[in-house]
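In the two assemblies presented below, chain A is common to both, partnered first by chain B and then by chain C.
The block that comes next holds the complex of A and B.
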């Protein structure tokens, strides 16, 4: 399928969801749906670096927070329309994503993950000490009651976040099927071999970090208007990172569909639990589901589907069927004992 | 003929351990060079320094008339310097087709050939056919046997359309007939104009393939010349058989 038809289908699905929510007559659906859409963007963004390229980023909250606090800073100066704020948030976090990538992408595995975690902490510390955006007291942003032609403001925000989700999925799908996607897959599999095959690994990783960071920042930009009271502690909270990772892993990391499935599933479950039980159950759900999936389906729901398909037809071989065992790192090149002549 | 590869005073240390000591080596275009030496003599380190996987602290490497010191590995591959790894390192999540497609996309296309997807597909098939893996084009590397894995490794190196191919122990652990297969492949490549450096422990293979033989011992080059003469060299004998 080409990109344009894909985009049209996405927009049609989005319009249907939007119409359905309006038909229900319950504005709470928009509040809950906003969060689910936000997680589609975050998980998809995470997956571009974490899934396609194999670099686990724990700094999701950092980028999300940049987007949110750029909005706060701009709001303090002069309120701008949200779409514009999304763009600005995206640009700023893209720049920070590039910078972070440049500083950390020479690290691998756990070291890279720790560095990204540190990024979120550094950014939070900066914001806490920046009085203009409220510092540790937090910042209040009063969102307008209504906006034409949507009626209530939350419908407008839901719409924006949904368009952002469509954009994120389209970008992820484009990346996946392009030369860039192939290159990222080789980096995930074996970086040395990728270099030897002519893949400019550092450059591709920087591109992935920049795209991923930009999307995360864009997801964060409307957040102050949604939440009303923004506090550094929760904005840079670990939840975003854990959720984005969990959603991608549960859905499946090798394709754009995975984070979508994971975010819709986990995001809806969390929203349901928040209403019916308590908001504290959220992370418990994530934890239990993660344990379940690690044991039962280490390649996520997509992995399960592929397995099922393989049983159906043995000669079907997916292009990106990844097995955790097969993806285990190869031993070092020079460790092999060769027979002496 | 001019020198395609010229290694001068190359030195590499790992901490206090001298892995390569003042290596000088020139390879002319179209040559078939064998590189041998006991385990730990620095053969793979030399390959890694030539190909940019490791940085040499001392000396310089010239390839095709330009100094390539400091260039990252992928730039060297684009210049025409391809290598296979001692232990096969396939891209495990990609099919065989896509494994050979990578160097096509990132090396050959990057040199300026802009072909349609179908033409690249054909090229991938042709490369796999050349190493006898066409039937498994859609399979994943984990479905391959050892020898097929090594063939894939070679096919991927060939896909980059190199001027110089370095085959790092492409034959370890293979049977006689499998070795013949790979040797025939390398000879064919060489006849097409590709310069080949063969690193190998299996002397029968090295002796039948090489037109020139270089011996490394403890990071030093101790012999360089016609294979028969090198093998008669008392210093080489001493290194291999002890005194």
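The block that comes next holds the complex of A and C.
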């Protein structure tokens, strides 16, 4: 499928969701839907670096928080329209992503992961010491009641986040099928071999980190208007990081569909659990699901579906079942008559 | 701020003392990340777990926190061995340790923290012991016992670990498994067993480090986050897997943090270790005493 038809289909689905939510007449759906859309952006962004390239970013909250606090800082100076804030937040977190990537991506993947893990703590320290954006007291941002064509403001925000989600998915899909995506896949499989084969590994990793960081920052930019009261402790907490990782890994990391599935499933589940149980318990569930999936189904839901189809088609042509989980290199059974079982 | 010599000396002394404690926090990671190449980012969570074990037994039985942590060492060792076994079966054997192994430990970190929040709440907890409170004075220098005692016990623990690693058979096997697993297998030693033992020891150190932590400061479940950047900064700066390097780096970072806190304000201290970590990675990734 080409990119333009894909984009049109995405927008059509988005419009249908939007129309459905308006038809229900319940504004809570927009509040819940906003969070799910936000997670689609975050998980997709995480997956561009984590899934395609194999470099783990624990700093989702950091990049998200940069976007959010850039908005707060600008709001203190002069309120700007949200789409503009999204752009600015995206640029700032892209720059920080690039800088951090430049310092750490030349080393083994573990160092990058550790640096991103500490990033959120440092950004929190900066914000706590920066009185202009509220310091440790937090910052209040009053959301306008209504905006012209949409009625209530949350509908407007929901639409922005949905467009962001469509944009993120399109970017992820483009990356996946471009030279960049193939280059990233070679890095994921064997970085040394990729480097030896002439893949400019550092440059590709930096591009992926920058795109990923920019999308996360963009997801964070409208957040202060959504939440109304922004506090460094909760903004830079682990919740976003664990969610972005869990959603991507549970969905499946090799394709843009995986984070989408994971975010919609886990995001909706959490919205239900937050209302019915408690928010701490639902975070525990996310953590447990993450550990469960990485141990039991390392390729996520996509991997399970893939395996199911493979088994089915194998049965159909009467071939021997190939256990994908086996550690040994997959036997090239088909076509080679008399190959040892 | 007016420069004061007393303030400077006190900052340096307390930095060295805190550094001794940081060394205890880090030596587990030096073992797992530095020697075994297992990126155990969940170590701070196990340290907080150690703090809460010390708190619970201290509050109910009135035992000394350090004594408690030594009593529960075997339990932490077992926990570590079990975690390694899962890690080995699920990731290392399949060759998927980089991405999914990291996600696994991150999940453990998160689960431990949330479970502690659910069980104990987010109130600060502290322990009772004779040495918490009094301070020795040497001229202008103040030495609070609540930091001196953990520092000394910590250095003792690291000395014992270093002896274990360099003198005993198991220790030498642990050093060998880091270098060449195949050679170890040819010597009829099971590398998985050696790694399991080593990882068990690395988690066991979290029991003591947790007790030190709760002696030095009141603890709540998310305190561990501050230690992630610090622990890995020390581990990398010290030169991966070198215990003497860990001690030196821990004291350096302790001093720099203490000076920052004294002259710029304590709220800036968490940024120090991150800055040092980035600087080390950019300038000398092998660390001070790197192999």
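Points to keep in mind about this one:
In this section, the second predicted complex is superposed on the first by the 308 of 341 C-alpha atoms of A that agree within 3 Å, B and C clash if a C-alpha of one lies under 4 Å from a C-alpha of the other, contacts with A are read in each partner's own complex, and residues count from 1 in each chain.
In the analysis below, contacts are C-beta pairs under 8 Å (C-beta built on N, C-alpha and C of every residue); 3 or more make two chains touch, one makes a residue touch a chain.
Model, not experiment: these values are computed from the prediction.
Of the two partner chains placed by the overlay, neither chain B nor chain C lies in contact with A:148.
Contact with neither chain B nor chain C is seen for A:4 once the two complexes are overlaid on the shared chain. In the superposed pair of complexes, A:199 makes contact with chain B only, with no contact to chain C. Of the two partner chains placed by superposition, only chain B is touched by A:179; chain C is not. Of the two partner chains, chain B is the only one touched by A:254; chain C is not.
Overlap of the chain B and chain C interfaces on chain A comprises residues 327. By the touch criterion given at the top, residues 33, 39, 41, 86, 90-91, 93-96, 98-100, 102-104, 106-111, 113-115, 117-118, 222, 225-226, 228-229, 232-233, 236, 265, 267-268, 270-271, 273-275, 277-278, 281-282, 285 of chain C touch chain A in their complex. On chain A, the positions that touch chain C within their shared complex are 50, 54, 56, 58, 100, 103-104, 107, 109-111, 113-115, 117-119, 121-122, 124-126, 128-129, 136, 237-238, 241-242, 245-246, 249, 253, 280-281, 283-284, 286-288, 290-291, 294-295, 298, 327. Those residues of chain A lying in contact with chain B across their complex are 179, 182-183, 185-186, 188-190, 192-202, 254, 317, 319-323, 326-327, 330-331, 333-341.
By the touch rule above, chain B contacts chain A in their complex via residues 36, 38-39, 44-45, 48, 51-53, 72-75, 77-78, 82-83, 85-87, 89-95, 98, 101-103, 105-107, 109-110, 138-142, 156-157, 159-160, 169, 172, 201-203, 240.
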